[in-house]
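What follows is a single structure, and I will ask about it in a moment.
Chain lettering (A, B, C, D and E) follows the sequence in which the chains are written, and residue indices restart at 1 in each chain.
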Amino acid sequence: MFDVSKPWLNRVLEGGEKQYLKAVDGVSFSIAKGETFALVGESGSGKSTVARMVVGLLPPTDGEVVIDGVSMSSRAALAERQRLRRRIQMIFQDPYASLNPRWQVDRIVAEPIRAFRLIEREKEITDRVGELLTLVGLHPADGKKYPHEFSGGQRQRVAIARALASNAEFIVCDEPTSALDVSVQAQILNLMRDLQDRLGLTYLLISHNLAVVRHMASRIGVMYLGRIVEISNGRELFAHPKHPYTRMLLDAVPDVGMTGRQRIPVSGEIPNPISPPSGCTFNPRCPFANERCRAEIPPLLGGVACHAIHEGRLAVDAAA
Amino acid sequence: MADAIQAAPAPHSTPTTWAGRFFDSDVWASFKRSKLTMVAAFLTALFMASAILAGLLSPQDPFDPAQLELMNSRLPPIWDAEGQMPFVLGTDEQGRDIFSAILYGLRISLAVGILGVALSATLGITLGLVAGYLGGTVDAIIMRIADVQLTFPAILIALLVDGVVKAVLGGQLDEVTTLSVLVFSIGLSFWVQYARTVRGSVMVEKNKDYIAAARLIGLPTPVIMFRHVLPNVLGPVLVIATINLALAVITEATLSFLGTGMPETMPSLGTLIRIGNNYLFSGEWWIVAFPGIALAVLVLAINLLGDWLRDALNPKLR
Amino acid sequence: VTLRYANQGDLKSLDPYTLNETTTIAHHGHVYEGLTKRDKDLSIIPGLAERWEISEDGLTWRLFLRKNVKFHNGNPFNADDVIFSATRVRAQGSNFQTRVPSGSEWVKVDDYTVDVKLKSPNPIMNAQWDTWYIMDKEWAEANNSVAPTPAAATTPSYASLNANGTGPFKIESHQPGVKTVFKPNKDWWGKVEHNLDEIVFTPIASDATRVAALLSGEVDVVEPVPLQDVQRVNSSANAKVQAGPELRTIFLGFDQTRDELLFSNVKGKNPFKDKRVREAFYKAIDIETIKSRVMRGMSTPSALMIAPQLFSLSKDFERPKADVEGAKKLLADAGYPNGFEVGMDCPNDRYVNDEAICQAVVGMLARAGVKVNLMAQPKAQYFAKVLKSGNYNTSFYLLGWTPGTFDSHNVLFDIEGCRNDPNSSRGESNLGNFCNKQHDELTDKILVESNKEKRDQMIKQAFQITFDEYGYIPLHQQALAWGVSNKVNLVQRADNQVLLYWAQKKE
Amino acid sequence: MFAFVIRRALQAIGVLLAVGIISFAMFRFAGDPVNQIVSLDTPAAEREQVRRSLGLDDPVPVQFARYLSRAVQGEFGVSYQFRQPVSDLLAERMPATLELAFCATLFAIGFGVLMGVYSGLKRDSFLAKVFQTISLIGISLPTFLIGILLIYLFSVILGWLPSFGRGDTVRLGWWSTGLLTTSGLKALIMPSITLGLFQMTLIMRIVRAEMLEVLRTDYIKFARARGLSTRAIHFGHALKNTLVPVITIVGLQFGSVIAFAIITETVFQWPGMGLLFVQAVQNVDIPIMAAYLMLVALIFVLINLAVDILYTIVDPRLRTSIRQPA
Amino acid sequence: MAEPVLSVRDLRVEFVTRRGILKAIDGISFDIAKGEVLGVVGESGAGKSVTGSAVIGLIDPPGRIAGGEVLLSGMRIDNLPPEEMRRVRGKRIGMIFQDPLTSLNPLYRVSEQLVETIRTHTNLSASGARKRAIDLLAEVGIPAPERRIDSYPHEFSGGMRQRVVIALALCAEPELIIADEPTTALDVSVQAQIISLLKRLGREHGTAIMLVTHDMGVIAETADRVAVMYAGRIAEIGPVRDVVQNPLHPYAKGLMGAIPSLESETDRLVQIPGSMPRLSAIPPGCPFNPRCPFVFDRCRVERPEPIQHSEHRVACHLYDETSARPEAVA
């Protein structure tokens, strides 16, 4: 929850109330070891916020993130949390922005090693950095370059190498390929796959490119305005989308296969998150909305949060 | 731009030594392209060198009263019929050799400039960094202090600080103390500029993901602030610093005009100009002209360097 | 005919008793008058008192006041005004309290006769009468200005914003720091010697600007012209410098009272207690070079602590010749073969070329082996440091002195007198406390001696003591330098008061 | 908006208090005011009396508290030198300083912006280099020297302009202006140039740098792609976008304009507050010094406010954030 | 076929840097007919944007057009004097840049920017221009345009801003629109709206469109023909369905193969080994030869010229009948 109220003084004088923006509201999901969980949804639906809360960059206002049985938000488990830190890493949306432009790449990659004191001897650190760079398909000699001397795909690899340096087992990837062309994107996705196969990594993948998600994810959560509206197995979601929003999203995807499928644009704009619609937040754009949808927030039952489906008004196999 | 991913050796390999990288950089290239900048750099270097070597280059130690001969006072430059060796540029009212005085004065002016800028930059950068990074109350307090500071420009501060120091120390103000007062006053009044600039950039930088990445590793805040953020906000600071270097020299001269600069027995370039200023009408033009020219050329050179640096550091302008 | 006049300083308060400052007093002199006045040669002439008599015992002075004098507002001048003024000048907030002997009683005999009853005889009481001006009692009372404006007041008195005197000029308008306009007083009792219809006075603090204003013809009279610009002014087509000797004596003094100097590397003793050291300093200084190079010939080297105009026997004294070798030898004899270090205090905005003189002195002493650390500072800080209020916080200093009474006694008492008696104000300005019993005994006798010849001999004796002891190093009397347009004729008085009621201007 | 004003007012009071405390802490080192009031041969007893009557024998905090309590009632005391209420003196001097500062700033902005735009547009042209070098004179010679040189040239040698003062002024209520008479305007020329030269250089350099920056932005490129005329692009789109930093600098520098006005006013005997302040420092006239510093602080706070309001006029993106800084 | 709206002949663009002259565009030719959408794809840095800028004459120094011709409806425009070129821009060619946030001047209202542009190119009165501006906004699908027109750009969402940019490009009903990655910053839902808007323009106004993007889905859906660029040259150009489904050039093959699809079931995506050469070090012969799986000797020495192959034009020696082909193309 972000406090976006006016400053205290203004409120006192103008009689306004405290305003909160619920970026993420009542999101629950779990990720099993070794799987790839994906979050999809329109821009501003709260995907990045979830990612940042999962790695502990943002404290949740309510609820908790539990990793391997340790709560990331409880005060007591400080030491535990510190140990967890090194097992979780994040690959940021924009690889260039996530690398300090004034640091050489080997220093960037070595930073978690030094910070967590994984290796003490300088010589061994150098060796380990070289090893990591090789692992992600770079040359150890590239360590002496600065981030701007790399191409986008290479930078992404550096970020991955840094994430691996802490021996992380769980990596959060926030739109890792959004700005890349397909050939470079293919390189990165393949690498992520290889690493998962070899090291048994767990991924939380965020993307608005549904094709990428479909290619990578074992399970997928669809977010709309801070809530998860549908959770499903990867292939299942694309084959049998349930929630009206999911259907709308899939319909909007352009068709590369040239199957002649007509693309239906999503209608309407995403509402203002500060004053979301009451009831189901999707109701103003939903063709199946009724009074209940406008009044009552649907619970996530059977992998979907939709009154119409729960009531059987909307058949599960109606689309796709 | 992309190199071959499988580490195909780049045709233009990047030099690894520090110096190598410098001479390979775009900054150096743009330096070589601009004649004006090269002249400015040469002049700046010349001034620095002559300030450092003042003792060797000058025929007289203008700060040693025993070497001043009142009978030699107010001699015109050497090319004038009344000029005398070794006073190439003439002498002032006390028989001080203008040429020597310029060299020694340069030393003081540059010291004031460089130290003043160093002090204000350190202060300003630290406060700006802290304010920008921590935000909230700390930020508000530092920025209010900055507001108070801004109402006391360098001149007022120096007038006040000078009085305080003289009164507190009561006794004699030696060279070092006077210099410290000036440096302190100038440092104190210039820091706001740095603080505001740095704060602005920090507020942009701190939201970038490389800071989030550092936090993710669990680095302590001061380490993040100084190791990660600082290097990325230094660009504009460098440019302000060159301008302020010149400004500090001028401010010192102005303070001298108000009677709180360097003492006349140890004149800085500014003090020399202030002294010479009194002789503008009386025909002894050389007392003000040569120090004035020296100061103007110095400031010009430093600023041309600053201008060039500003452009050269901006990758979009190359 | 309008005369435009610019001075370095300003006419600050119109209340004649609040600020003791030459420029301000001189301006008041156009508007107000004292019981006596000083003539062009500084001799005392009758002012609002036509004449006065001293009783046999010297304790009662009878004043006969001028009749038919009117204040600018038309009120007649009479004995009440004198008594009122004598009271007001001694009231709180006045800075001229000592100009009237303390404890003296002023009694009205009739409208034009006043008796002054003294506690002890004071033969030179009338020497200060010209420095406190007579104000109008009725006007002051009507305008709630009976007491002088104290500086701490939150509202200024009427008298500090308005003037009502008996003098030859009236103030037409006054904007402090900007402009003051004077108009002639048509009803003035005296003989008008000027031909002006208006005086416009502007302060111009910056030397260069003031000279520029004279050279460009924007003003007719400026005071002072900086020494270095004298030639430039003289060579210009429309103005010249009117120069003359001034009464102020510039001198150097030593701390001769502390057992260890405050600012020196000599520890455990005070070199200035040794007469040889003082003599060495005296001899190291080449006053002629200072005159020619620093003062550009515009000074009168002096052997005495008083200007020759103020003491007739001055010519009997002659400055010893400068002698660096002799100085070195004296220092060696005194136990300082390699000299020593001492700090010197010097104002840098008070006297003509004050800082330059100090620098020259520093150079000359350096040649005799003494390293002087010069501390030149603005007068505000300088006086705060060296005067009594600053605990005489100095070891070696430069100062200037004009005896307010134009009489040697003032010098002998204030500057050369021993300040050992805490109940007396003797020697309060004797910053280094040069002290000689015999000298002080003479001083006391001089005060009550009314025979001029005898008195002069006693003064000479007292000065001789200081001279022989090298108690002070008198340097010179600085020169007055007024810049005057070629169209203007001025009378220059040695006390540096620019008095325009003697001015003539050609159109 | 109301809350914004109130918050600014509270901040202003804080700033003023801080300025006051700092000033008072420093005054006692400026010298002994008594020496400036009495003459050298005034006996110590009389000096003490003057000191007491000025309240200078009280401890500094007491003096400050007394000053504050009076200042709140609009009493700023009486000048030691002039024996006039400080508020009258400052009120009389303020128009002079503000007019000078205004004209200097106008001069600086006018020429600075023009030269900056030109040298930003034609970065490599000869004239741009000339501008850049010449403008540096503004910061390479001390203000006082520039002033004296101008006086020497234009007053003494050419006799065109007056060397000192404000010329004839006209009263409009309590405000005396020199802007309505020929002599007043003539008198403004040299001081304005002297004072404005430094700001002009600064503004020119900022405008130039910003122009270079802005001309490479996407919206300028897009404006060109839309085929807008060069004039519209340079002066409509580019220049307006350079204004925010220019306003910042002009605002930030206003303090130094006021400070350097001290020098300029001294050189030109300009009857403004700066001159009054210099003389107050020389004569340890504490009431004037205190009031001046507070007034400068107040002006500065107002300028800050004006700058913030100007921002929102120039840049609509800031409008919401002023009303609610998030 | 009638005269093409845009005809580019052997265009060359160079950047003069201190490390030598970079050939960003090295001899490309293509036409766009009335109402046609030409998609341009290719690896990052291949020269897509530079081509667009070169057509509209907005190559900034140190770049320069080093050769070739650009013809707009038969009129040569690459050598027009600046003032005449200015009149072509906006009036006859509209440009849409990638980033909707930075393309609009933040200090002016949308209405001001629209009216200014309209009045530059037409002689409408102020009120007439405003009316037209409102119509334009309605046309690009902004709801309640008469209310929104006086907003500032920052008050619009990204998608709406992009639509304003398009409206600005449409002001004078240009014959040609160059859209440089118009949807990269937008999410799928907005993207779909923009694409359908562009398609409608081509259909209804006969506007020719050059659409630069790296989103193959968009290309497949929108373009009539597609050009695949590699290292400053056109590797292959042809009808969209052919090129996407049956690419000839090895690079185009690699590119199409790398697209993750919503249907196919692969574990690994196909990737092209290596990366595009730096412009300063383009290998002799075919620029793709170091990465090409079908490379043979001729590729390393001789630069392949585009040749017609069925409906494609492809620059590859494999399809040159004269070259000794080592084996059949897969």
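Here are a few things to note about the model shown:
By our rule, a contact is a pair of C-beta atoms (placed from the backbone, for glycine too) under 8 Å apart; a residue touches a chain by one contact, two chains touch by 3 or more.
Here's who's who by UniProt: A = ATP-binding cassette domain-containing protein; B, D = ABC transporter permease; E = ABC transporter ATP-binding protein.
Every value quoted in this text rests on a predicted model; they were computed, and no experiment measured them.
Path length between chain D (ABC transporter permease) and chain E in the chain contact graph, taken as the least number of steps between touching chains: 1. With every chain reduced to the mean of its CA atoms, the largest distance from chain A is reached by C. Across B-D and A-B, the chain pair carrying more C-beta contacts is B-D. Taking each chain's centre as the mean of its C-alpha atoms, chain A lies 49 Å from chain B (ABC transporter permease). Chain centres here are Cα means. That of chain B (ABC transporter permease) falls 50 Å from that of chain E. Rounded to whole angstrom, the centroid-to-centroid distance between chain B (ABC transporter permease) and chain C, based on C-alpha atoms, equals 46 Å.
If each chain is reduced to the centroid of its CA atoms, chain A and chain E end up 31 Å from each other. In chain E, the positions touching at least two other chains are 44, 275.
Shown for chain A are the residues in touch with two or more other chains, namely 151-153, 187. In chain C, the positions touching at least two other chains are 208, 212, 215, 349, 378, 381, 384. Considering their complex, residues 64-66, 68-71, 73-74, 93-95, 163, 166-167, 170-174, 259-260, 263-265, 277-284 of chain B (ABC transporter permease) touch chain C. Residues 11, 14-15, 18-19, 22-23, 26, 28-31, 129, 132-133, 136-137, 139-145, 148-149, 152, 156, 205, 209, 212-213, 216, 252, 255-256, 258-260, 262-263, 278, 281, 293, 296-297, 300-301, 304 of chain D (ABC transporter permease) touch chain B (ABC transporter permease) in their complex.
Across the complex, chain B (ABC transporter permease) meets chain D (ABC transporter permease) through its residues 36, 144-145, 147-148, 150-156, 159-161, 163-164, 166-168, 192-193, 196, 243, 246-247, 250, 253-254, 257-258, 270, 273-274, 277, 280-281, 288, 292, 295-300, 303-304, 307, 310-311, 314, 316-317. Interface residues of chain B (ABC transporter permease) facing chain A in the complex, by the touch rule stated above, are 1-3, 5-7, 14, 16, 208-210, 212-219, 228, 231-232. On the chain A side of its complex with chain B (ABC transporter permease), the touching residues are 52, 55-57, 82, 85, 88-90, 92-94, 97-103, 111-112, 115-116, 137-139, 141-142, 144-145, 149-154, 159, 162, 166, 187.
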